[in-house]
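Multiple structures follow.
The same subunit A turns up in both complexes below, where it pairs with subunit B and then with subunit C.
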Partner chain A sequence: MFGSFMTNAWIVATMVAITAGIVGFFVVVRRAAFAAHVLPLGAFPGAAAASLLGVNELLGIIAFSALGVLGISQLQRWERREVATALWLAVALALGTLFLSMTRRYSQGVYALLFGEVFGIRSALIAPVAVLGAIAIAVTLLLYRPLLLDSLSPELGEAAGTGRGRIELAFLAVLALCTATALPVVGALMVFSLMVGPASAARFLTDRPLLALTLSVVLSLATVWSAIALSYLSNWPVGFFVGVLGGVSYAAGRLRHRGGPAHVR
Partner chain B sequence: MGVLGLIFAPGFLSNGPVHTALLVGGGAAVVGAVVGVFTVMRGQSFAGHALADVSSAGGSASFLLGLNPLVGFLGMAALAAGVMEWADVRDARERDLLTGVMLGAGLGLTALFLYFASVTGSASGAAITVLFGSMFTIPASIVPAALALAGVALAVIAAIYRPLLLSAVSEDLAQAQGTRVRLIGLAHGWALALAVSLSAMTVGAILSTALLIGPAAAGLRLADRPGRSLALAVLIGLLATWGGILLAYDSYDWTPGHGWPVSFFIVVLVFIAYLLAALLARVRARGVSLRAVHPSGCGQD
Partner chain C sequence: MTQAAALSVEGLGISLSGRQILKDVKFQVAPGEFCALIGANGSGKTTLLKAIVGLVKPDSGRITVDVDGSGGTSVGYVPQKISLDPHLPLRARDVVMLGLDGARLGLPLPSSARDARVEEMLQAVGAGDFAERRVGLLSGGQQQRILVAHALVRRPRLLLLDEPLASLDVRSVAEIVALLRRLSLQYGTAILLSAHDMNPLLPVMDRIVYLASCCAVSGKADEVVRTEVLSRLYGYHVDVVRVHGRVVVIAAHEPEEIRAALARDPVHTAEIP
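Entry: the complex of A and B
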């Protein structure tokens, strides 16, 4: 399990888990689970397009993440947030289907991009993942106060001079960065589960923001590590374990606090 | 005949798989549009999308077990809708998270079933079929069951139309009027499950969101009265679906050897309709505000 061919998997998954744990805290606070689902899922066509054009996959993913941020925020001017998100998802996936139909050799790649193939990660991917992850974490921490203020009390945030639209745009950009970090290595499903599961479970344990953020990272790491170990032992896909572990920790938290955490509103 | 020949590539009107696609796709579009209007009004777009994705776990399981795909898709969607309503979460944030966590677990199951399918070698390309759908490969034997289910979903919505509309506009008001809000929520949840599993099978689990949300959002842009929004949404959904099937069929002639995917055309048509609706609504709103600034005729000052 700790052999040399697994080293890359452990390193990269750890970096992704830390990034997703931190960003996930704000996904939960801002009620943005749908956007956290759609940006990664809507970025996979970028990878398909890149393979079609013969350019680096990561470039395509970054381009489509950025397109997602622009598309969602543009549609949000006309629509409620979730309707805008759903519409962008439809458009992105339609393009994805088109690109996929043009290349036949991509079928296995789709499975990896959606559900993740942690094993056999190339060493060349470690550096970009580390850089993108570090940027995502740095931006999130820089925006920590305005993001939190805007999420918990929009009026107070407005008074403090942080425009709502700008904060939402910045947050979507952070989500996109996290997507670009994680998508090539763990897949769209796993980065979504990691952003939502651990952070929502952490809320049941404490009502102090900074502690909840830390716990979110700890739980995210625990989820990823046990998922990799279980996947190694059973040969079942990692994405399955990450998704189910997220569900289990959320259910456990809910049962402890029946009716949900009253303090975090 | 010359013009018709340009629009309909030879064989379109006499092709068996095309008939099946037109029937099942049309049913999915109508049900999706009707249920979608209420889903958008109730602010449950995310739940709608999540149900579609979760239903794909059932779809991949039936792929694996050799069951009728309708059973798998529908069973899983109904189960998930039941869990969501049973958990009875009022707080918007909690609802968002519950939906998200359930979606993660459901997609995890999909990953597992698809993995089993690839290991047993029962189906290569199962991932693509389950997630993206394949309208021209729907077996004709499924048509009666699919249309019957579409009918059931429409009947459910028709039966609870007034209280559903009331609780979509204001839950508190509905409660004050003696509506059993939870029961209505559950009924809507199951209608939603029916709608998304139907469209999950036709345009694929991932793209069924387009049929659910797109026409409904456009219809709601275009009209203020719910009845009119419903009618427009149905019209847009049907035209986009049938137009998409036609274009996909014709596309075999544009690029010899392979056609373009149906789902792509349907979503593009739906999205164009939405953009036009949004544009029209903006123009109209500007007209109204101009009239408000320059009240013509009945001058008071």
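Entry: the complex of A and C
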């Protein structure tokens, strides 16, 4: 399980878990889970396009994540947040359908992009994932206080001078970076569960924001490491364990916090 | 007035999406003054406050806020009807802290000076007992105290509050009004507070700005709170009466309207003895 061919899996998965844990904390407190679902799915056609053009898939993912950020934030000027997000998904999936119809040799790659390929990670992927993850973490921690204030109340944030919409745009960009980091490793469907599961559990465990952020990272690491180990032992997909463990950590957090804000919608 | 006004508004006009919200609004608030901003729903109270904070751009006129030279904004702001998310892992103390440095970049480093200032503010608003609790789970009155502390922790010269009494019970209203008056005296902060009912504010307010569809009228409280002045502003008869040494404003037209409505609908008349 710790043999040389597994080294890449452990290294990359650890970087992804830390990034998703930090970014995921703000996904949950900003109620941006839908955007966290849509950006990875909307980036996946980018990988298909890159494969068609014969360029690096990560470039396609980054390009489509960036398009998603710009598209969603532009649509948000005219539409409610979730409608804007859904409209981008509709466009992105339409493009994905088109690109997939143009290639026949892609089904294996599609499966990997949707569900992840943690055991097949190439060494060439380690450096880009590390750089993208580090940028996402750095920007999130730099904006820690403005993001928190904006999550409490956008009006209070604006009154303090954080700027209307600037925080939301910056956050979407971070989300896109996290997507590009994690998508090739855990897949478009699982990026989302890794960002939402551990962070939503962490909220129940403490009332201190910085401690909740730390716990989110700890739970995310625990989820990913356990998922890899269990997948290795059982031969079941990593994505299955990532999703299930995310649900389990939420349930555990909820149970520990009985009598908490359960009555609130 | 020899001292500069805490707030000076001159010829202010604002339209939003083609509709004229405010027109030629003019008034001043002196340092440390408690000023009530009164007007019906839709009269532009929120727009006026947002313009003073800088969240809405005026089409014409000038807003001057007395800056104390400490840099940054010198206006504290408590917006209308904020619902604080009970799922947000944030203590009441953290909200006050964010009032001090919420726009700064990077992680908050430990600072005893900051902690002392936050602690002092928490005590000043009477929030010592629930400072460590999750802010989204506090009562409406407690949340209002925390939001006041959030707005005041930078010691602004001017504090704006948008309908802070709207969703509070009678006792909490009296407590918040007394608290604001005390803070205003303690820190020398001028207060501009919007409300649609001036009664809870009558014991404490120095000045009143009344927003009507035609105009804005400002004056010392004892000059404006008179039967003939208020009746002219409201456009219908109101009585300013003294009960148990307190001043109360009563709209005289309401019973008539209700009587008329009941007369039109005999079923309801039958239900009321």
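Here, the second predicted complex is superposed on the first by the 257 of 265 C-alpha atoms of A that agree within 3 Å, B and C clash if a C-alpha of one lies under 4 Å from a C-alpha of the other, contacts with A are read in each partner's own complex, and residues count from 1 in each chain.
In the analysis below, contacts are C-beta pairs under 8 Å (C-beta built on N, C-alpha and C of every residue); 3 or more make two chains touch, one makes a residue touch a chain.
What you see is a predicted model; the values in this text were computed from it and never measured.
**Q** In the superposed model on subunit A, is it clash or fit for subunit B and subunit C?
**A** fit
**Q** A:Pro146 in the overlay: touching subunit B, subunit C, both, or neither? Say first, second, both or neither.
**A** second
**Q** Angle at subunit A between subunit B and subunit C: what is it in degrees to the nearest 10, using CA centres?
**A** Angle at the centre of subunit A: 80 degrees.
**Q** Of subunit B and subunit C, which one touches more residues of subunit A?
**A** After superposing on chain A, more of subunit A is contacted by B.
**Q** Which partner does A:Val83 reach: the first (subunit B), the second (subunit C), both, or neither?
**A** first
**Q** Regarding the shared-chain residue A:Ala33, is it in contact with subunit B (first), subunit C (second), both, or neither?
**A** After superposing on A, A:Ala33 lies in contact with subunit B but is clear of subunit C.
**Q** Between subunit B and subunit C, whom does A:Phe241 touch in the aligned arrangement: first, second, both, or neither?
**A** A:Phe241 sits against subunit B, while subunit C stays out of touch.
**Q** Rounded to the nearest angstrom, what is the minimum C-alpha distance from subunit B to subunit C in the superposition?
**A** 5 Å.
**Q** Would you please give the residues of subunit A that touch subunit B in one complex and also touch subunit C in the other complex?
**A** Overlap of subunit B and subunit C footprints on subunit A: residues 28, 31, 260.
**Q** Subunit A touches which residues of subunit B in the complex?
**A** Listed in rising order, the residues are 40, 43, 45-46, 48-49, 89, 91-94, 96-112, 114-115, 118, 124-125, 127-128, 131-132, 204, 206-207, 209-210, 212-214, 217, 221, 258, 260-261, 263-264, 266-268, 270-271, 274, 278, 281-282.
**Q** Within their complex, state which residues of subunit A touch subunit C.
**A** For this pair, the touching residues of subunit A are 28-29, 31, 141-146, 148-149, 151-153, 155-162, 164, 202-203, 206-212, 260-261, 264.
**Q** Which residues, counting only subunit C, touch subunit A once they are in their complex?
**A** Interface residues on the subunit C side: 53-55, 72-73, 75, 77, 79, 82, 84-91, 94-95, 98-99, 101-108, 132-137, 150.
**Q** Touching subunit B in the complex: which residues of subunit A?
**A** Its residues touching subunit B are 28, 31-34, 36-37, 41, 78-80, 82-83, 85-87, 89-91, 93-95, 97-98, 100-101, 107, 110-111, 114-115, 189, 192-193, 196-197, 200, 236-237, 239-244, 246-247, 250, 260, 265.
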